[in-house]
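Letters A, B, C and D name the chains as they come in the text, with residue numbers starting at 1 for each one.
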Amino acid sequence: MNAAIRSVTRAAINHELEVMGIMHGYQGMIDGDIRKLTSRDVSGIIQRGGTILKTARCEEFKTREGRKKAYDQLEKAGIDAVIVIGGDGSFTGASLMSKEYDIPFVGIPGTIDNDLYGTEYTIGYDTALNTIVTAVDKIRDTASSLNRVFFVEVMGKEAGFVAMQSGIACGAKGILIPEVKGQLDKLRQILTKRVKEKRSTIILVAEGEDEGRAIDIAAKFQKEFTGIDIRTTILGHIQRGGSPSAVDRFNASRLGVGAVEALLDDQKSIMVGLMQNEIVHVPLNKTVKLHKDIDRDLMNIADILI
Amino acid sequence: MNAAIRSVTRAAINHELEVMGIMHGYQGMIDGDIRKLTSRDVSGIIQRGGTILKTARCEEFKTREGRKKAYDQLEKAGIDAVIVIGGDGSFTGASLMSKEYDIPFVGIPGTIDNDLYGTEYTIGYDTALNTIVTAVDKIRDTASSLNRVFFVEVMGKEAGFVAMQSGIACGAKGILIPEVKGQLDKLRQILTKRVKEKRSTIILVAEGEDEGRAIDIAAKFQKEFTGIDIRTTILGHIQRGGSPSAVDRFNASRLGVGAVEALLDDQKSIMVGLMQNEIVHVPLNKTVKLHKDIDRDLMNIADILI
Amino acid sequence: MNAAIRSVTRAAINHELEVMGIMHGYQGMIDGDIRKLTSRDVSGIIQRGGTILKTARCEEFKTREGRKKAYDQLEKAGIDAVIVIGGDGSFTGASLMSKEYDIPFVGIPGTIDNDLYGTEYTIGYDTALNTIVTAVDKIRDTASSLNRVFFVEVMGKEAGFVAMQSGIACGAKGILIPEVKGQLDKLRQILTKRVKEKRSTIILVAEGEDEGRAIDIAAKFQKEFTGIDIRTTILGHIQRGGSPSAVDRFNASRLGVGAVEALLDDQKSIMVGLMQNEIVHVPLNKTVKLHKDIDRDLMNIADILI
Amino acid sequence: MNAAIRSVTRAAINHELEVMGIMHGYQGMIDGDIRKLTSRDVSGIIQRGGTILKTARCEEFKTREGRKKAYDQLEKAGIDAVIVIGGDGSFTGASLMSKEYDIPFVGIPGTIDNDLYGTEYTIGYDTALNTIVTAVDKIRDTASSLNRVFFVEVMGKEAGFVAMQSGIACGAKGILIPEVKGQLDKLRQILTKRVKEKRSTIILVAEGEDEGRAIDIAAKFQKEFTGIDIRTTILGHIQRGGSPSAVDRFNASRLGVGAVEALLDDQKSIMVGLMQNEIVHVPLNKTVKLHKDIDRDLMNIADILI
């Protein structure tokens, strides 16, 4: 996210706008925790994970009173427009507030799960994929030395984008995602074959998989396949941080510039996204209401490459 | 490239085709250094840099006699179609041979420089960008500790794609590429300002920059700016290898499947590329004759983010 | 481990010995799954995680009958001496067998936990530390952005070497290891202070910690500290694989040469270890019977650096 | 170095001392560029390369007048003792100044080359080794795909520690260091054999090698071995930065605590080093006057493992 913060700040200053950083997300907006950002403040941050503005969950912003407080703080600080980096939750709040008050909000998609409608890319997604791929490479060393089966659980509460793309990139033998039903039978066949051949196997499971969490699915298969050692690894929070990948730094920089230009073009309540590698504008309301479909061709590719 | 070799092999076997691996590129084709590839042969290679088929430069293939020998070997081995992973040189050869002999060639774009017409993506490009970004992060530590200026030379013999995209991703203060002329004056202004502020500075230079090699440009500026320490690093061959990034593994897998499908769809003398994130077919002849333009908007973004 | 396999193979060949690789550990010894190893077989493996010889658990080797079978296979294959890379379990077996049969066993310490008596270093330990440190860096990005507390569980079933050294290297605020009792009160004080200061906190927990698994300790503290978000990450199997670090490749190479030299010096039933950076010989029996103490000064250093 | 700065600061505060950071090395000491350091100032820096105190070369400090100015600034700032992180040059200055003025200096060894007498370890050395090993892994992918010979130049102006240890860790076929003469003949034999076998080859060359720079030696061999492609890569400044390895963070933390304890124990003009993995005190004067020998056994190991 720091690459986007840097980009927004410098693009705005380049257009002779003043930039303020709101700390801790909407909580800081309500609390008036707002600081001026100079070009120098965002120097040397493009390579750092996390966010210099920090973030927080904020229940109060979901209430009309909370947003009133937030608006008052924005007025007090002399803020004319807001750029929000986030996902579903952040954009819902932004969408509501831009209806209630005459202040434009522009969203930049920042979520590991890459499940936002209206954009093919979200900040952090590529770094997460690389972290997963590197972690699975390490796990494969053990799997392969011991002819083991590993279920690896990756991010993706409601969508399988992470699991699908990283699964293909890892050469996983099975990919379980919420969008595709009835995968267990296919997986059973694969495991039967692999166990017979005494070969190690990596299965990627999205957090939000309907059949249950990776650890439960693994336990179920362990009961069926007693002759083999089945293990589970939950990659968890290591997927969220780390020095960003080249693509993430590059795209976050583009989106930051795009967000500032959208404001200068008098846009309101939109997200700047990337579709077919070009910057697009999508109503915030649509990004949270509509559902982004996974490309089912990818599932075919995954099946072919097993 | 191994991800593409794996993908081609498995996709072909999936369609009940037999797959042969030609070792050492066109040299191996001429010498008949050809081996059967099974699904198992390409197991556990997706994470490895380099290519299990090895490669070589081959002058002989540029001659009609060389290609005749190659064709005889293909016939002898019972090969009906060829998939070539490579760039300009490889595709020129493939294009010539597919005109001379009735054997379809399908190209998969594999070049670090990403300068092939007809595709936005080439295999190895994303890994190279990540290697550069990581290397420059290290160099920046020294630059910043010592308030030094660093010229970093990156790949890109005739095109600035690598330098431009990695430059933005690195937060470089200047990017010198062959496509944009007269950059030295702008750079002079930037350096003057940075030297006055006593701040470290990273400049990315494409190998093919018209003003000369990074080391010569640096020497020139060192003479002008005597009060500051200017250094050069040539990243060189570390940009070519290494375990591939998630994007490279994923896209190489897609392109491999796409190449096999192109053959099944009776395509001939084409490259499978990625445009706007979709698989496209482009005549091999066009990929080598036409010139791929750099997106000049990116230069504006780079300038804004300084 | 591959660095050690390479080193043993080349050192032995250098002394004009023949080398056989026993696949799948003691299981392969019992099954006679034994292959000749040439210098070329171990080429290009020093950078790979895992082991080209694969490994397995083997209950049968714990029985006298199993070891009889194993000895018969060794005889059949013309093997005069055995070098075993492993830990506690492997060395117990080696120690027993070298008493029962007139065949020298030399051990090379290879265990992530670094808890073997008689050596300061075990193969894989340094790579695991680097993997942990990198993973915690990523987790810290999230912890810091959200002011969260993270409990991170690392390897170390019966010993806290991994947790202690990686904890200091990560700048952890607390380190829980089986060797030190009553740490929870100290941790409570630290958390109270950090929560008040609204600062993120990383706690490292060894798997074998007496107070329970990381997830249980975290749950307990979450009940006490309701105002803060406490999370757990179990690093698990990513600690075991991956391309080895420089120290691991270097020391594994030294130990491999040392093991071959020990055999040439007519040693029997010993482990070659590293003490004070020098190769030492320790009876296998001692390595499994005696307990390696943790350096308590390190705990003081950890406390000072909080 | 940041790990050592953090460690010194926290260890001193733990002993109720006040800590000041001198910016830009001796230059900042002369200029009085001195700031208070709190525990919080050194929070979140253990994972960062470079140094938050920055550094600089300083000719003026080599003069008696320069050191007088520096002493006046120390007095003015109320500084009673100085901890210097650095190498040969820094320690020469510290040694001189502690003779001229009644102010204790304690050195912490921080140099990539690891060539300081009195310590087996210097800060940054292990990170540099890992960077080299990773870079050579990438180069090997190209070397191996193309059967090329690569000369890789690594740090080590006057000593071959870096080249020797990283050469063994990389599985290099040849290692050229200033301490060992007449290596070119041995290298010629190796290359003759490798070229005949058509195999790729990596040669590591220390910067300070007597036979010349890597690029010149490579050019010389290219003339002899015309049938093969010989390339050179100078790793350069990427060896100096980057997020520190686990060993570097751990040892720097120990040395920082050790330096503060040395001051509390009334030590003066010494370096705290690591010998046989224990903290030792060595007169600063000795560290710069005496020569640290390379372990010649390592050369034998390198030869055996080719």
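By definition in this document, a contact is a pair of C-beta atoms (placed from the backbone, for glycine too) under 8 Å apart; a residue touches a chain by one contact, two chains touch by 3 or more.
Since we're looking at a predicted model, the values are computed, not measured.
J.: Can you name the chains that touch chain A as well as chain B?
T.: Touching chain A and chain B alike: no chains returned.
J.: Identify the chains in contact with chain A as well as chain C, in label order.
T.: Looking at chain C and chain A together, no chain touches each of them.
J.: With chain centres set to the mean of the C-alpha atoms, which chain is at the far end from chain A?
T.: D
J.: Averaging over Cα atoms per chain, report the distance between chain B and chain C in Å.
T.: Inter-chain centre distance comes to 40 Å.
J.: Report, in whole Å, the distance between the mean C-alpha point of chain B and the mean C-alpha point of chain D.
T.: Roughly 34 Å, centre to centre.
J.: In whole angstrom, what separates the CA-based centres of chain C and chain D?
T.: Spacing between the chain centres: roughly 28 Å.
J.: Return the residues of chain B touching two or more other chains; collapse runs of consecutive numbers into ranges.
T.: 134, 137, 140, 144, 243
J.: What are the touching chain pairs in this one?
T.: The list of touching pairs comes to A-B, A-C, B-D, C-D.
J.: Could you list, by residue number, the parts of chain D that touch chain C in their complex?
T.: 6-7, 10-11, 14, 43-44, 46-47, 120, 126, 129-130, 132-134, 137, 140, 144, 165-166, 168-171, 199, 243, 245-247, 249-250, 253-254, 257, 276-278, 301, 304-306
J.: Given the complex with chain D, which residues does chain B contribute to the contact?
T.: Chain B reaches chain D through residues 48-51, 54-56, 131, 134-135, 137-142, 144-147, 150, 231, 233-242.
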